[in-house]
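Got some structures for you, see below.
Each of the next two complexes has chain A plus one other chain: chain B in the first, chain C in the second.
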Partner chain A sequence: MNFEAIIGLEIHVEQKTASKMFSSAPNSFSREPNTQVMPLDMAFPGTMPTVNKQAVINAIRVANALHMEIDHVLTFDRKNYFYSDLPKGFQITQQFHPIGRNGYVEVDTSLGKKRIGIERIHMEEDTCKQEHFLDYTLLDYNRAGVPLIEIVSLPEMSSGLEAREYAEAIRNIVVYTNTSDGKMEEGSLRCDCNISIRPIGQKEFGTKVEVKNINSFKNIELAVDYEIKRQSKLILSGSKVEQETRRWDESSSRTILMRKKTDAVDYKYFCEPNIAPIRLSDEFVNHAIETCPELYDSKKERYLSLGLTVSDAEIILSSKSLASYFESGLSSVKNAKSLANFLIVEINAYLNKNGKKIEDLQMKCPTLSEIVNMGEEDKLTHKQCVDILNRVLETNVSPKLAKEQLNIVSQASDDATILEFVTKVLDANPQSIIDFKAGKDRALGFLVGQIMKESKGKVNPAAASKLLKEEIAKR
Partner chain B sequence: MKEVNKEVLVDAASRLLFSMEEREYDTLLEEFKILKIQMEKIGKIEGLDEYPPMTFPFPCEVDFLREDVPSKPLSRDEALRNAGSKQDNQIKLPKVVK
Partner chain C sequence: MDYLDLPLLELHKALVNKEVTPFDLAKEALNRAHRDENNAFEYLCDEEALSFAKTLTEPEEDNVLWGIPYFAKDNFSTKDIPTCASSDILSGYVPVYDATVIELLRDKKAVLLGKTTLDELAMGGTGMTGHLGITYNPFDPSKERMVGGSSCGSAASVAASIVPFALGSDTGDSVRKPASLAGLVGFKPTWGRISRYGLFPFAPSLDHVAYFSRDVISSALILDVLAGRDEKDATSSFVPVEKYEENIGKPIKGMKVGIIKEVYDSLSNQATKKHFDSAIEALKNSGVEIKEISLGHDLMESLYATYFVISCAEATSNNANLDGIKFGPYRAGNSYEEVMNKARTQGFSELIKRRFVIGSYCLMKENQDELFLRAQKNRAKIVDEVNKALKEVDFLIAMAAPGIAPKFTQKSDKLSREYLIADNHLCIGNFAGLPSITIPLYLENDMPVGINFTGRAFEEKELFQIAAALEKETGLAGLSAKNKKEGNL
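Showing the complex of A and B:
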């Protein structure tokens, strides 16, 4: 029996606003426990929620990037449940009127672009952080009230890879709208996968299993694929898939049962009476959209039009800091592709070697552009450019001074100058001429190397190679 | 409307992880009796079923959104002052894993 998988994702995105969703407590990561709280976050009596303007702007931008219908009236609802991570006994969310509905995102698949529908996005507040020990639990309220955006896809994915690509596309949107860091490892993007399988051709959905605790994009793919195999095996062996919540266990690369879902939890939702409906004017919504930073897809398209390869563009865009650095050098560089190469290869190598991040780099990108331009204008070899770059990185001098200090001279490209070296090297290496004529191509490389040595790198190797062939033919 | 009796209250308390004493159930049942009388009185108002449930006393919309500017948070001592049990500057409670 052949099965098809039906996958839907629920993604929670932690917003990087300055303050929390409904209180003005600072929204900061990695601070001492219980130092980033206001009375509302701990549900002290008499406190009232107020809605964070930037959190709303971010949600509008994400909704727009996901091609959604945006609700111009904000209302919030209470999701009631009793658990220690929720001091109020309810979470303020948008159950009945999400800010965005009916959108989609496009992902690249082996069969081309695929459009994956998004049912809704809504704003809500995060819960407090719990740390469980053997027989007690510790609570840190710093996370309580952090603004979240929940993005709920339609069940329209069919493999682990598609689920991963969908989640990465969402990450790109929230990162480049400046809404979130989008780091799964740090919990600023959290993903629950709903997976069911059914025999091909069957209309009804199979029993859905929810997988939580997935902490990387790679693990989304692994967890979904594992679950598809597990469910297929169960059905083929005559058992039933049970409705349950499982978690991904990275060390054993499998999903593990957390709890069985006997019946749907009744959260007794009702409208949050402490927040009156908020009317967003057309001007407000349009301004949020118009001032949105350039999105990932638009940047990628622009980079490709500058001559970068898809791979180059994706490497640069994989880090927003790297992309910002690259952008800052674009206006002064003459060859964007060369700038990208230097950034991806040389700068990354320097950062890895020294354990630094791009933000730590003293040398700004316009200086790197200057080196790239110098290489083209002065006809320097790649190695010469790298030497200049390393000198600039190490001593913080200007590229011009670095070039002088290293006694780097421009390469000769005029035939008369090169011919002098070619003649001298050919005269000194008659055996190499015989070898090359006998079909040994390596002999040409040797001769070019001799010319570079003789000229102390002043000769353009491509021009030297061309002239060498012409001169050998005459002998 | 479902009748609120002792069985319903015991079930609700169990779902909410409350442990309640007999006299507390008696008090609650008395209060629900009063509530029921009040609801019956309201239910006699003519045309009531034509109105959708209300959250706010009258239709209203506002346009206030709070600027995203953080305030000085509570000091940790202040934040944890009401905690019954503390450890490592966090609130400590018996382990309950959902």
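Showing the complex of A and C:
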């Protein structure tokens, strides 16, 4: 029997607004528990919610990036249940009128681009953080009330890889709309996967299993694929898939049963009476969209048009701070591809070696652009450029000064000058000419090396190599 | 010293003329409060009140609340002053912040003396269900009759002339009904006119900050201070605030008043009807045009059920924060469920639990359409009818209660027309969020009965105008248990 998998994702992203969703408490990470708290966050009697405007703007931008219909009347509802991490005994969410409906996102698959439908996105608030110990639990309300956006896909993915790519596409959108850090490892993007399988050709859906506790994009792929295999085995062995919630266990690379789903909880939703419906004007919505920072896909397209390879563009865009660093050097650099190359290879190496982040770098990207431009204009070798770069990074001098300090002279690439060195080296190494003619390619390298040595690095090695071949052929 | 028996404006004059100081006034009021026999108080904050009153040495002529002592119902959040809403579940809870109205009153140098009793969590209308037991009606020394609720302690404290005004809250009639039973002016404004930030919620879509005073002009002057937009209450209104006392004393000739027919018809007490008729006569004589308004018998009989479903449903959610984990008495358990179960089982009275069960039942998925949403639809219908009526007339008028305060032992037939309509119609003002005021109309065997006006949204100024005009006719301004009057109507 062949099965097809049907996968839907529910993604929660933590917004990085200045304050919380419904209170004026700062929305910032603090190691000191219960320091980022206003009375509302602990549900003190009599406190009332007020809607965070920036959170709404962010949600509009995300909805727009996901090609959704945006509801211009903002309403909130209460989801009622008792739990120790839920201060008010209800969560304020948007059950009946989500801010965005009917959207999609495109992901790359082996069969080309695929559209994954998105049912809805809505705003809500986070719960407080619990730390369980043997005989007590600690509660930290710093997280209580942090603005969340929940993004609910349609069940339209069919493999672990697709699920992962979908989640990454969502990450790219929330990161580049400046809505969220989008880091699964830190919990600012959380993903629950709903997975069911059915024999190919069958119309009805199979029994759905929810997998939680996935802490990286890679693990989305692993968890989904594991679950597809587990369910297939169950069915093939004559058992039934049970409706349940499982968690991904990274150390053993499998999903583990958390709880069987009995009757669905009745959340007794009703309209939040303390927030009167808010009408969003067309101007407000349009302004939020028009002032939205450039999105991932648009940036990527632009980078490709500047000559970057797909892989370079993706590497730079994989980190928003790397991308914004790169952008700040783009206007002055002549060759964007070289700039990308220096950034990805040399700067990254420097950062790794020194345990630094790009934000910590004293040298700003226009300086890197200057080095790249200098290399092109003065026909410096890559190594010379790297030397200059390292000098700048270490001593914070200008690229010009670094070049002088390092005694770097521009390479000659005019044939007359190079020819002088070529003739001299060929005359001194007759055996190498014989070796090269006998097919030993290494001899050419040796000869180029000799020329570089003679010229003290002033000759462009590529030009020297070309001339060498021509001269050898003549002899 | 009898300054506390004076109407607010005269008391203000005495303060301005330095005949009496805020400190003396607070001290005397606290003395009276400590001697109170009506069980009106949850907490008296002598120390805070007296030390604040001591700082008030320079009278402010243009500030009528300067140095005036007052009480707040114990469901207003008061920083550093215990607040338990007369429920064991909040025993020992000391709020970390002040309600907006408490802040506004302190800014005006009014002196908070303490917190008054209420029906537990403001749910109830008898003044009998707070965790300290029954609050009594100062008009009835035999302690046989209710003061009404849920703002029972605030009503008792003003009726006993301990303070000239006290804050309450009104979700169905919790200020305007006890005002009727305790001979007071009880006023609630348009929904959104006064910030609710810091008022413990019962049913937010119906909750109002409201208050008691002993004359209409005080009520208007207090609204001057309390009205206005508050960033902390997203439902508070941007409509500009007015000088609410401005129209008092101006002629009411030409104003249109509608008698709610169904309320009048459901009154069984002929004396009540007679006094109501004389009030109408008095209005007519002042040139008011009287009309009879019918809101529909079925609709009027559905008020109480509609109110009960909506308020219980909202209440069950609003009080879900009371789980023993963050504040209030903590009772240890082996799981969070056990901790919550113990807190809620031991912290709420059976009556409260009953309301929560009903509210929860109405919100359940399988019942929501039939109960909660149906009640909401009916509410919309009621609001629609009332607003339609208020296009024809400027105010609706009706008896605030069918008669004098009932005895604790008196059983009312909860399905009788009088109970369903005459005893429970004031929630119309909450459904529609309309300004509404009760003033004393007459006394029967020394027990007062009130009459109620309800006006259009944000027309508080006009409401005070007509209420003050009728007050002049009744001659019952300044009525209190210490200052019982005959009344003219």
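Note that in this section the second predicted complex is superposed on the first by the 473 of 475 C-alpha atoms of A that agree within 3 Å, B and C clash if a C-alpha of one lies under 4 Å from a C-alpha of the other, contacts with A are read in each partner's own complex, and residues count from 1 in each chain.
Please note the rule applied: a residue touches a chain if its C-beta (ideal position, glycine included) is under 8 Å from a C-beta of that chain, and two chains touch if they have at least 3 such contacts.
If you're wondering where the values come from, they're calculated on a predicted model, not measured in any experiment.
Three-chain overlay on chain A, with chain B and chain C in a clash.
Contacts of A:P98 after superposition: neither chain B nor chain C is touched.
Legend: residue contacts after superposition of the two complexes on their common chain; A:F90 is shown touching chain C, with no touch to chain B.
By the document's definition of touching, of the two partners only chain B reaches A:P26; chain C does not. Of the two partner chains placed around the shared chain by superposition, chain B is the only one that A:N52 touches, whereas chain C remains out of contact. Looking at the shared chain after the overlay, A:L139 reaches both chain B and chain C.
Between chain B and chain C, the partner in contact with more residues of chain A is B. In the superposed model, A:T17 lies in contact with chain B only, and not with chain C. Of the two partner chains placed by superposition, only chain C is touched by A:K268; chain B is not. In the superposed model, A:G182 makes contact with neither chain B nor chain C. By the touch criterion defined above, A:P155 lies against neither chain B nor chain C after alignment on the C-alpha atoms of chain A. Between chain C and chain B, the overlap after aligning on chain A sits in one stretch of 43-51, 295-303, 385-393 or 403-411, namely 295-303. Touching of chain A by both chain B and chain C, each in its own complex, is seen for residues 39, 42, 50-51, 82-84, 137, 139, 270, 273, 276. Contact residues on chain A toward chain B in their complex (touch as defined above): 17-19, 24-27, 32-39, 42, 50-56, 73, 82-84, 131-141, 270-273, 276-281. The touching residues of chain A, counted against chain C in their complex, run 39, 42-51, 78, 80, 82-84, 87-90, 137, 139, 266, 268, 270, 273-276. Listed in rising order, the residues of chain C touching chain A in the complex are 75-77, 83, 85, 90, 93, 95-97, 99, 196-201, 203-205, 231-235, 313-314, 316-317, 319-323, 325-327, 336-337, 339-340, 360, 363-365, 368, 372. The part of chain B that touches chain A in the complex is made up of residues 16-17, 55-56, 60-71, 73-74, 76, 79-80, 87-98.
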